[in-house]
Structures are given as structure tokens and as C-alpha cells.
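Shown below is the structure under consideration.
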């Protein structure tokens, strides 16, 4: 095999993108819209994939796409300020430069879900990686069976993407439930753990694809509830989170048993991770 | 009475209850309504009724000085409000407030406890329906305690 | 050089080797000629040297720099060089370093970014166009290089730095004539004889007047180069002596990995009490991962000048034994020692198969030698294996 004439793309070198918009969603949570300086250099992203975002001089973190996949020129990322890099990202003002590598990873099984009922279970910030899938589900509504969205978060103040949730909830062709762990009396919505909503929803478990994203404990309980409802392990997909440094399988950090979360995931059918999720400190 | 029996039999909580047991339960039951904002009961009151919700949602609240009222769970159609009637001292440990207009079956706790005592088969049958509710709430409480959505500091 | 010339010279015009002459004999002078010829061809020649009381791979020009007459004593947590009293070049086995020091260096700048006004330019660090010739690569190390190739260049993405450093390597293998106390390549099927993945392989044998090398080429480049060196055809006795020496090495391995399906064994024992037991000894010092020739994990660090105009990212070797390795916001996934040891060992011996279709262990024994408390990967496997055996059915 002849060596390529031109230098191959360095998977570790970021492109430069600019912040075009910054929106405060919830305490510590911000959504950034980015525009690459050279839009042609990026492959289109699929729901569930992620980018590696760099604040120059600070560092790099993996952040899922949270925007509409129809609009490929607007790269939308919803970020919680939890560390030095994510903190610095959320402080960037429009015009600021960001390093960007991606898109990486295996996303949600949008094609496999066609013709089936789709149950989306999101917890906390886990709604962000699911939002591109939800945009797609509603944009191509006729391709799917029933759509159920169950979203749980800590408190009413922490609810993300209220505008979209309200719009989807207003639809007659979807079942959308939002629940919070606790609320002041002024909140008239549901209070309780999101997994308890699963048995109350109507879908055909034999013809269902479930998309789950949230804290790992919440996902474990959601999977249990989905399987109790009769959904097969093959049809339950979850998005995993692990430390990622390279996003291309070189650095080793994101290993979860046999898989590299960055390359083989972050979205996995539960059947592939069954047995691993219950192990401590794997 | 026939109408109530039908309502009880059709309610998901009492699904597959035998006719005999259904009659025994209905002997202690009645249809009730609450308007939004009404309290089904308040913390500290004797737990002399339990409610099987047919329609609407109920918020379970706890108040603390300086914190106001905090809702820790909401329940709706097909679910139960109140398990404190099962065990002494039969006292409510939270407030239950109607978030919407509520239609429910109210069951007299003293009446149903006596019937369960007299007929352990009925008691066991009802326990099998109430224990999962208790377990589910215990699980939910654990998850809430973990505060899984929060950021650790 | 004090060696008498015993080797029959080829005519300088005659290039290449006849098929019947695949195995040639080089003497010390021939070996020196090999180093010189490689340098003349533009290679950076790296070989074993004596430094810091260990065998260290470094730039070499002459045979004098090789640890001639030295051998190593290795055991769990133990490494000593001793004078062997024999005039042999390659009687030591592997030291603390491996060739990954050159192919996948401990520190590598990935890119630099420069800000001028509003404009930011990212410049990937150019891959170094170095051509390495490695002298004295052992069979286990050839396997280790092949394993790192699978990780870093044969997957869906390729690391340009590794690829550049790996390109046009000239590998001179040395078949081990001695096994160290911590060697177990024979039980990993990775040695002691180099079967492929080299340009030239040398087997050191004792000649009447000093060490000789049975040389064998396995590539066009190797054959070409060998054809230029002062040499003579090997006699059947010399070939047999070399074969016997390597066979004796295979029989004298200091350690042995149990012949089990290690992947299945470990994956069905992820909650074995042995992990807790080994954790009581393991210091999580990460030595085993630093000396391992296949461990490839890295972390990245960003740096910035005081004005923030120039920033850069570099990567450095990292280890699954550190807490930071598995850090996700809020804490480390693997906070206990046992979980980190389990990650290292199950990755090496079990999940590596899932990821790269081979074991991640080549049986070089470095992790045993350089473990400050002498934890022995073969012993840990054996402990788990033996715990599954029904003592009654053992005969």
C-alpha cells in the first residue's frame, strides 16, 4: 500500500471555531453555539455524537451535540461548569475562539428506531445529548411509532430546554412527562424519580427502542424499569460517560471493560454492557 | 353499591381482585372528590383513610421553617395516597394536597384493618398490593437521597 | 577491534545473498560493519548501552558501547547487572526501557496555537522524520511493537507521530540466548526466537575465537544490507548451535504464564477476592505501566505563555494506576487500588483481546522486575486459576 501523498489529518489537532451565541439554561448550565472558521473541514454530526472542545491554554473536554441535526452549520453544545475547562467554556463570550475536534463516537440508533415506538428517558444534563435525537424524531414524526419522553431532573430550576419541552408536550402525538426530585409547593408538575414514570406510559415493549441518558445510577434504574416493562436489552440504548482525553482510542482513559467509550460509544445497546454496569469501579 | 364495585374492580390497583374480596373492600369504601388546593390530609392527622386515585394528581409535601412547603412526590391516576394507615400509630407523616381536581376511592382504614385481621387471606392479598408501593417509594427515596443530578462539590 | 579476521570476505561488487545463504555468520567486525552501514544509510542507530547500572537503549556508533560481558539478574523487584566473565555481547535480557521510548515517546507536543489579535492559528506539531535502526530487539519486543502498531496506527484513526517514527525502521533482532528470572515469553508464544517483524535477526554463538552471530534476513532491506557486510555462510553446526541456544532459553524461562484462556478466566473473576489481596501489596506506583512495552495510555496537558498568545498541548505517558486516569466530574471511577490493579491486569490479558485481537502481554517480565514489591502477573493469574480448581480432582 502506497503512503498517501498529502499529510493525513492529525486527529489530535483542533480546528478553530467561534462562539456565536451563549445562553444560560439553568444553574451552572450554559449552551454555546459555535461556528467553525472553516465549515467545510467538519463531517456532519449525528445525534448522540460529541465534539472535543478546547479553551486555548486551559484544556479540552468532550461535549455532546445538543442542537438540531438539520442545522449542521450551527454547532450547539450544552455544558455544565464542573471543572476548569468546562468552567472556562461557559464563560466564553460571543466572538471568542474555541478549539474543536470532532464529531466523534457512535450516536443514537435513529435508523433502528424507525417504525418502532421510541421511549426517551433523560436525567438531568442527560437531556442535552438526547435533544438532537428528539429534534429528529419530531421532524420525521411519521417514521416512528409512539414517542414517549420522560425527563427527570433535580428541581424545577434545573429543567433544561423548557421551550422545546413545552412545545413537545403540547403535541397530540407524543407523551411527554417531566418530573423533578423535589420542588417547592409552587411547582404543580410531577415530583418523583423519573424511572417510576416508565410503567405508567403506553408503548409496545416488543416494538420499542429506548434511548437513555443521565447519571449512571439513574440509567441503571431506568434500564431495570424498561426491562420490567418488557423492552429487550438489545433495544435499550444508553450514553455512557467516562474520562476522555483523545476521543480516538489512543489515550486509554475511557475504557469501560472491553470498550472504549469514545470510539465504540458513547451510545451502546445495553445488551453490550450488561454485567459491566453493576460492577463497582470497573 | 354496584357502581362502586365496578369502579374498584376496574381500578388498576385492585386488578384481578376476587369478587368476594372486592365486596369486602367496597364495604369500607366510598367515592370522594377534592378540588385543586384541597388537602386530603395533613401531617400529624390520624391515618383513618387511604385514597386510591382515579383522576388527578396529589402532591405529598413536607414543610420546614424557613424552607416553606417542599413537594417530595406526586402521585396520580392508578396510584395510592397513604400507607401510614397500615402500621401503628396510624398517623400521617406529610401533607397530601390536590394539585388538580381529584376523584378517588376513599377507604376507611379502621374498617379495612378489622376485615384484614378477621380474614388473613384478604390481608395477604392487600399486603401484596401495598408492599410494592412501599418498596417503590423506598427506592425512589434512595435515588433522591443520592442527588444523582447534582454536581458534587 | 582485537578480533582476528576469520570471516571470508565477499567481493564488494557482489550484492545480495543467494537463497542457500540465508543464514550467514558475522563476527564482531561484521557487527560493527552493520552499525556503520546503517548509519551510512541515514539511520539513527539505537542499541543497548550501560547506563545507571542498567541496560538502557541509546544512540550507539561502535560495539564498545554495547554491554559486552554483562548479564542481568532479574527477579520480582530485583535487577542487577553482573559481569558474566564471558566474552559475549547480548547475554543480558531486557532492561527497564523498551523501544516505545523512541516510537511512542514519554512526552510529545501535539500542536501549538498562536493568537494574533482576534485570529487564532493552530499548527500541528510536525511529525519527526527520523529513521530508526534498532539493534538488539528481542522477540518479545518485536511483538510489543506490533501490538502498539495495532493500537496507534492500524485502528480507525492513526497517530501521525507514532506513524512517522515507525516508518522505515530497520530492526535488528537478537534471539535470546539466555532467559531472565522474570521472562515468560515462551508461555506467551512471543519468543524467545524472533519469527518475523525484523529485517535482520542475530543469534549469538560462541566461536573458537570469540562471539559469532548467525545472521538471518527477513526483508529486502535486511537482505540487501547483509549482502554488504563481511560475512561467510553459516555451517550446519553453527546454525544448530544457534537453534540449540534459543531452545535452551525457551526451556529456562524464569516464569510461566498459566496456559488457560486468560481472557475468559479473568472476565469471569472480576470480583475475585484476589484483587483485594494484591491491592494490599500494590503501591499504585505505576512502574509496571511505565516499563511495559505495550502500555500506550497517555494524558494531555495544555500550556500557555504569560500573555496567553502562545498555547500548546502535549501528551505524556499516563497510567491506569493514577487516580486522575479515571476522573470524571466529581471523582474517580476507580478510586480503590484493587480496581486499578484489576483494570491494568484485565486490560493487558483479557479485554485487549476484545479491543485489538491479541493479548496485551508479551511475557517480557518487566512489570515483575520493576515492581518495587515484586508483584508477579503470572502468579496473580495462577492464584485466580487455582482458586477455580477443585482440589479433589487434582491428581
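Every chain is named by a letter (A, B and C) in the order it is written, and numbering of its residues begins at 1.
What we mean here is this: contacts are C-beta pairs under 8 Å (C-beta built on N, C-alpha and C of every residue); 3 or more make two chains touch, one makes a residue touch a chain.
Nothing here was measured: the structure is a model prediction, and the numbers come from that model.
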Farthest chain from chain C, going by mean C-alpha coordinates, please.
B
Work out per-chain C-alpha centres and flag the one nearest the whole-protein C-alpha centre.
A
Measure off the straight-line distance from the CA centroid of chain B to the CA centroid of chain C, and report it in whole Å.
68
Roughly how many whole angstrom separate the Cα centroids of chain A and chain C?
41
Would you kindly tell me how far, in whole Å, the mean C-alpha position of chain B lies from that of chain A?
36
Using the touch definition from the top, which residues of chain C touch two or more other chains?
329-330
Residues touching two or more other chains, restricted to chain B: which are they?
151
Can you list the chain A residues in contact with two or more other chains?
80, 82
Contact residues on chain A for chain C in the complex?
3, 7-8, 10-16, 54, 56-60, 80, 82-83, 86, 95, 97, 99, 241-243, 245-246, 248-253, 255, 257-260, 263, 279-282
Residue numbers on chain A that touch chain B, as the complex places them
28, 80, 82, 123-125, 152-154, 158, 179, 181-185, 187-193, 195-196, 200, 214-215, 217-218, 221
Give every residue of chain B touching chain A within the complex, in rising order.
57, 59-61, 68-76, 78, 97, 99, 136, 139-140, 143-144, 146-151
Once bound in the complex, which stretches of chain C touch chain A?
110-111, 113, 115, 118, 120-122, 124, 127, 151-152, 155-160, 167, 270-271, 296-300, 302-304, 308, 311, 313, 315, 318, 320, 325-330, 333-336, 338-339, 343, 347, 350-351, 354-355
